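Letters A, B and C name the chains as they come in the text, with residue numbers starting at 1 for each one.
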Amino acid sequence: MIRTLSIPGRGSGLHEITDQVVEVVREHGAQEGLCTLFIRHTSASLTIQENADPSARRDLEAWLDRLVPEGDPLYTHTAEGPDDMPAHLKAILTATSLSIPIVSGRLALGTWQGVYLWEHRHHRTRRQVVVHIA
Amino acid sequence: MIRTLSIPGRGSGLHEITDQVVEVVREHGAQEGLCTLFIRHTSASLTIQENADPSARRDLEAWLDRLVPEGDPLYTHTAEGPDDMPAHLKAILTATSLSIPIVSGRLALGTWQGVYLWEHRHHRTRRQVVVHIA
Amino acid sequence: MIRTLSIPGRGSGLHEITDQVVEVVREHGAQEGLCTLFIRHTSASLTIQENADPSARRDLEAWLDRLVPEGDPLYTHTAEGPDDMPAHLKAILTATSLSIPIVSGRLALGTWQGVYLWEHRHHRTRRQVVVHIA
């Protein structure tokens, strides 16, 4: 089964999408399987991280912003704005696809794991995440 | 088929788990398929790297330790110890899930490839890796 | 279905392999499914990135070269040449496996997405990418 999630734009940062993925798993109904996520963009990405303490997410965002700053004189690809090239770089350092097993009808996420769409651009654009379950 | 591997804690570093994964592939018995690994943690991750020369692994660990040091004044998420926030960062830079095709009944790993659990915390805690084969 | 692509060596950099993967998807013929790529090497990797403007690719290469330079005194694994240890590091920061859903008989890539083999060594060696479709 394939469903394409259309995630509303909320600006740069980590945005949890676990509930939307769980909903597709529930609709599919399999007790055992594999759920694969794929993001159809090159300036946003996927990651699985701690969903308990918001300070961990803020630190992830701040650290990656420092590693890949805007305005780096190395960039030549600047026509689409100062946040464009850092967005591509952040995307290659994180994940474009992720696979999570389904066990007893539920995603086999660990206790503290949540699924996140990591928006690397400032603008608020919808993003598409394709969910494949088999 | 799904099996959850419980990997004994051995402290921070790259710990090879290829043999445990191969054992599940053998139990499954398929000649052709896909083996997907998923780690149920946010402060340990998965990677596939050279299993020939231990110096390559030591350099990987040392380089990542330098890129993501403990005690960075940027961190605000410090309640769980100085190795916690670096562990989350190292996890997002490496892999939470990995898929390896099965060809002629064996993992299609290259000659020098081994599967590793990368423990990013100092303590010796068991870690769970879910193996899905289809 | 499994096919192993043998990609001619073209030296370090991002080399697009979308067409070769599309060819396997076409041969398979499924309207819906999952296409998984796995690279059988530890000094080359996979990534999905913008295939429109070549300047974005040049910046990705230049930025990663600067983050992981040759000749870093930290390296002890130097027997295989100055580009070997940076190659392993670049590989762990990008992807060894990638999964792309198939929708209506086509890879569900976004408008600007291309599949790339990222060669991290200077020499021109053939590389193997295993394609699994189910």
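Definition applied: a contact is a pair of C-beta atoms (placed from the backbone, for glycine too) under 8 Å apart; a residue touches a chain by one contact, two chains touch by 3 or more.
Bear in mind the structure is a predicted one, so any value in this text is a computation, not a measurement.
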_For the two copies chain C and chain B, is the contact made of the same residues on each side, with over half of the numbers shared, or of different residues?_
different
*Fit chain A to chain C on CA atoms, both being copies of the same sequence, and give the resulting rotation angle in degrees, nearest 5.*
120
_Chain centre separation (chain B, chain C; CA means) in Å_ = 20
*Pull out every residue in chain B that's touching 2 or more other chains.*
93, 95, 99, 134
_Sites on chain B touched by chain C in the complex_ = 32-34, 47-50, 53, 55-56, 58-60, 62-64, 66, 93-95, 98-101, 103, 108-110, 112-113, 134
*asked:* Quick check on the complex: what are the chain B residues that touch chain A?
replied: 2, 4, 36, 38, 40-42, 68, 72, 74-77, 79, 85, 88-89, 91-93, 95-97, 99, 128, 130, 132, 134
